[in-house]
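Following are the structures in question.
Look for subunit A in each of the two complexes below; its partner is subunit B in the first and subunit C in the second.
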Partner chain A sequence: MTKIISVNDLSYQYPDADRPTLNHISFEVNAGEWVAIVGHNGSGKSTLVRALDGLIDFKSGTVTVAGTKLSPESVWLVREHIGMVFQNPDNQFVGATVADDVAFGLENAGIPRPEMQQRVQDALEAVDMWQFAEREPSRLSGGQKQRVALAGIIAMNPSIIVLDEATSMLDPHGRQTVLSVLQHLRRSNQAPTILSITHDLSEAAQAQRLLVMDNGQLISEGTPRTIFSDEQLLESTGLDLPFSTKLSQQLAKQGLIAPKQYLTDDELEDWLWQSHLTM
Partner chain B sequence: MLEQLTLGRYIPGHSWLHRLDPRAKLVLACYFIVIAFLTTNWLTYVLMFAFIGGVIFLTGLSFSYFVRGIGPLIWLIVFTAILQLLFTPGGHIYWHWGILMITSTGIQTSTAVFLRFLLIITMATVLTLTTAPLAIADGVEALLRPLRVIHFPVAQTALMLSVALRFVPTLLDEAQTIMNAQRARGVEFNNGGLIKRLRAIVPLLIPLFVGAIGRADDLATAMESRGYQGATNRTRYRVLKWHNADTIAVVVILVLNIVLVVLRHM
Partner chain C sequence: MAITFDHVNYMYQPNSPFEAVGLSDVSFTVPSESFTAIIGHTGSGKSTLVQHLNGLLKPTSGTVTVDDFQLTAKTTNKHLKSLHQHVGMVFQFPENQLFDQTVERDIAFGPLNFGFTNEEAMSLAHQAAHDVGLPDELLNRSPFELSGGQMRRVAIAGVLASQPRVLVLDEPTAGLDPRGRAEMMAMFAKLKADQQLTVILVTHQMDDVADYADQALVMAHSNLIKAGTPAEIFADPEWVKAQQLALPTAANFAQHLVTRGFEFDSLPLTAEQLAMQLRGQLPKEGR
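For the complex of A and B:
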């Protein structure tokens, strides 16, 4: 497995803070992996991914992305490899229309116009927003805006997609549409590496590996299944399990073991009432 | 209250005028405003009003939009015309009281001022009703492009303009939310005297500014992460195309200018 991200002993303290936001962090991400970073507010998750993109100026530690060591000289090269989607759908919408916004990154990269038009259309079709190409952002829902933000990233075809709580301001339906775009991307030929920060553990459950952060430190990592079954860890970091996982765990204690991990309430519900028929 | 603040009052449509290139529309509207001052006798006024009537017809929009566009300014026009009427000396004096007088020259100039203002504002209304704010921004950028010679940052200015336009509805929404939140806490925006109302604006403006600065910070981070390094070597997704219709529009207005000059001397 090739390592696409390597972080080594990274520390950072905001100028006016009394303790470091990132405290000696080291981890690696494999190419094509989906990793979720979880932890409560202020644990340093957002600062960590901003450091990867060179958006904060850290003094200690090294970050290597796709073989390039991050430095003031290489920062634009590193940013070509990483596409970031941020939390607030409104505050990352640069263009006056959907198509303009998707084209923004391509314009910055100096892509010729005919190629740009094709890539904008392809990216908008990939997120099912092509019919809204001429719409203004004020006439879109939060979920639609985040899909446009994703299209802006897809158009650039980066090897890594970073989601910084990209679904936290969305309603359940909007969240679902954004996640299904990601799952669709994962099935494509050039599946990007995904690094997602989330509060929502049902979203984290879709990742292959979880990194748990607390107080600027990486305190644990493992598959969703191992992390979710560590009740002590969850309690100490203040993370709340998704309802379906809680219910499955309680059922397992009663001797009713679900054949696989159900991520949504609906899936679990379907399994429950069908299994009752066959019992 | 906030809905009226929306920039431009653009009404989407597919008329011939809607489809004209924004550069052509900006230049022609300015040109029309300049030649509106060439009007002298009643023939020239008839010509100009017939022309603007034709333009209104071509927009395919209901006449009431134009009445509403001129509405807020009608008092300014009337006030200016009355000043002209009362303070212009010369010609036959019909009435006078102290320094106020109504003279034949005064009646002529105030009528001219009134009619020219009406022409100018109607044309400006045609421009904003048929051209999307973004298209106007594109047009302004294209027209400013020669200023690059003196190192004026045209591309940055254009991006600033387009980002500002894009955030107008977002900030209006936010202002509405803050107003409702403050109302729920007992702030009255529509009651009391001038001072009281101005004081009520403070709890609206401060959160709005704090919010806007936060958004600006977020937006800057997002733009940087998407590779924005200033205006160097950027390509453009949106380009303006000059059509035959635009050339025809230019010819029409030049003909108008010539006819106007001829009528002036009749």
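For the complex of A and C:
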């Protein structure tokens, strides 16, 4: 597998801080992989992805993106590979219409008009928002806004898409529509690498691998199943317990036989059904 | 403090080409010291409704009654001061409204404005800071040096310092991590119990409705389309889905179990209720 991101012994301390926000971080991401970074507010997640994009000036450690080592000279080259979607959709609109907004990055890159128009349409169709092309972005719902923001990124065809708590302000329906667009995108020809920062467990569950951050350190990594099985880790890092774990705990409290290991919601449903049949 | 809406209508920019309905014939009663959730998707009228609670908006017709205060189209702004003091509003991202040089002064601003002496205001500020769990050593710091969660607590303390009897919360946990969310909701429940507050919560989190609310109001297209206990609101999952609302996580899971042959007397809304209703349908431990 090709490594698309390599972070090696990265440390960073904000000028006025009394301790490092990033403390000797090392990890790698494979091309096409979906990795979620989890951890509570202030654990260093956002600073870490800002470092990847050259938005903070770290002195110690190295970041390599798509074979290019990040430096003041290479930062623009590195940024061509990365598209970022942020938390608050209202802060990232520049165009008067949805189509103008999606076209913004392409115009900046000097893409000829006919190709630009095609790419705007393709991107808006990918997020199922083409019928809104002439609408004002401010009049859309939260989920629709984040899909437009995502279309602006898709149009640029970056090899890596970074989502910085991009679904945290959305209602459950809006969150689901954004996540299904991403799942769909992964199976398309673009097949981007996805790095999502989140504390929503349903979003983290979609990833192939989780990186757990606490206090500026990478304290654990593993599949969603491995991480979700570790109740102590989830609690100590301020994350929620999966619903299936909460229900299993309540079953034990009622004196009922409960599963002995972590199960996903679907697996728990099957398990309860099997258990019910033995009655 | 009890709250009553009696046939409240609100028009945005009436008699102009931009006239738009904000609230359409809304009537309901919130009992004193209850916890009421207001749900409905973006643009349904939730914010318009809560802005009537402290007179930021006045009904175009109809009456809003808060305790013995009546708000109608004719109420003058001069008469709104007691309403402002008794109904505390915590807006979305309230930390954006912090402005003063120290945490203490920021929290004391409300009481000073309502005519308390400097000494009284400082004492109220210290009490409110304590109630939201801010350590004393932060009181002389700049609010802008604090973490996001702490800044939000400062803003909430600023509302509580004026000793409101009604606390209106507009998505107070947006943007917090799961631990911060749980801590903040537990804090509101404790404040309500300790200070006998009437709490109104605008939220998209159906699990919070299931865990905390005594009753819920469902808004859609400027109308109040349903009012009742959370159990009554979520009793008909088809209706909930048709309103583009979600079920609480446990209720959703229970729905799946129903298709597998499980039976529930009433739809469970929390993991605890679900586990209790599964007694008798699952084998017991140790048999």
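Basically, the second predicted complex is superposed on the first by the 242 of 279 C-alpha atoms of A that agree within 3 Å, B and C clash if a C-alpha of one lies under 4 Å from a C-alpha of the other, contacts with A are read in each partner's own complex, and residues count from 1 in each chain.
Going forward, a contact is a pair of C-beta atoms (placed from the backbone, for glycine too) under 8 Å apart; a residue touches a chain by one contact, two chains touch by 3 or more.
Just so you know, these numbers come straight off a predicted model, no measurement behind them.
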item: Which superposed partner A:171 touches (first subunit B, second subunit C, both, neither); value: second
item: Which of subunit B and subunit C A:224 touches, first, second, both or neither; value: neither
item: Which of subunit B and subunit C A:253 touches, first, second, both or neither; value: second
item: Contacts of A:216 with subunit B and subunit C, given as first, second, both or neither; value: neither
item: Partner chain in contact with A:239 - subunit B first, subunit C second, else both or neither; value: second
item: Partner chain(s) touched by A:44 [first = subunit B, second = subunit C, both, neither]; value: neither
item: Contacts of A:103 with subunit B and subunit C, given as first, second, both or neither; value: first
item: Subunit B and subunit C contact sites that coincide on subunit A, given as residue numbers; value: none
item: Touching residues (chain side subunit B, partner subunit A) in the complex; value: 134, 137, 162-163, 165-166, 169-170, 173, 214-215, 218-219, 221-229, 233-239
item: Of all residues in subunit A, those that touch subunit C in their complex; value: 40-42, 87, 141-142, 165, 168-169, 171-173, 199, 238-240, 243, 246-247, 249-258, 265, 269, 272-273, 275-276, 278-279
item: In the complex, subunit A residues that touch subunit B; value: 50, 53, 55, 76, 79-80, 82-84, 86, 88, 90-97, 99-100, 103-113, 116-117, 120, 136-138, 152, 156
item: Residues of subunit C touching subunit A in the complex; value: 41-43, 147-149, 174-180, 182, 204, 206, 244, 246, 249-250, 253, 256-257, 260-262, 271-272, 274-276, 278-279, 281-285
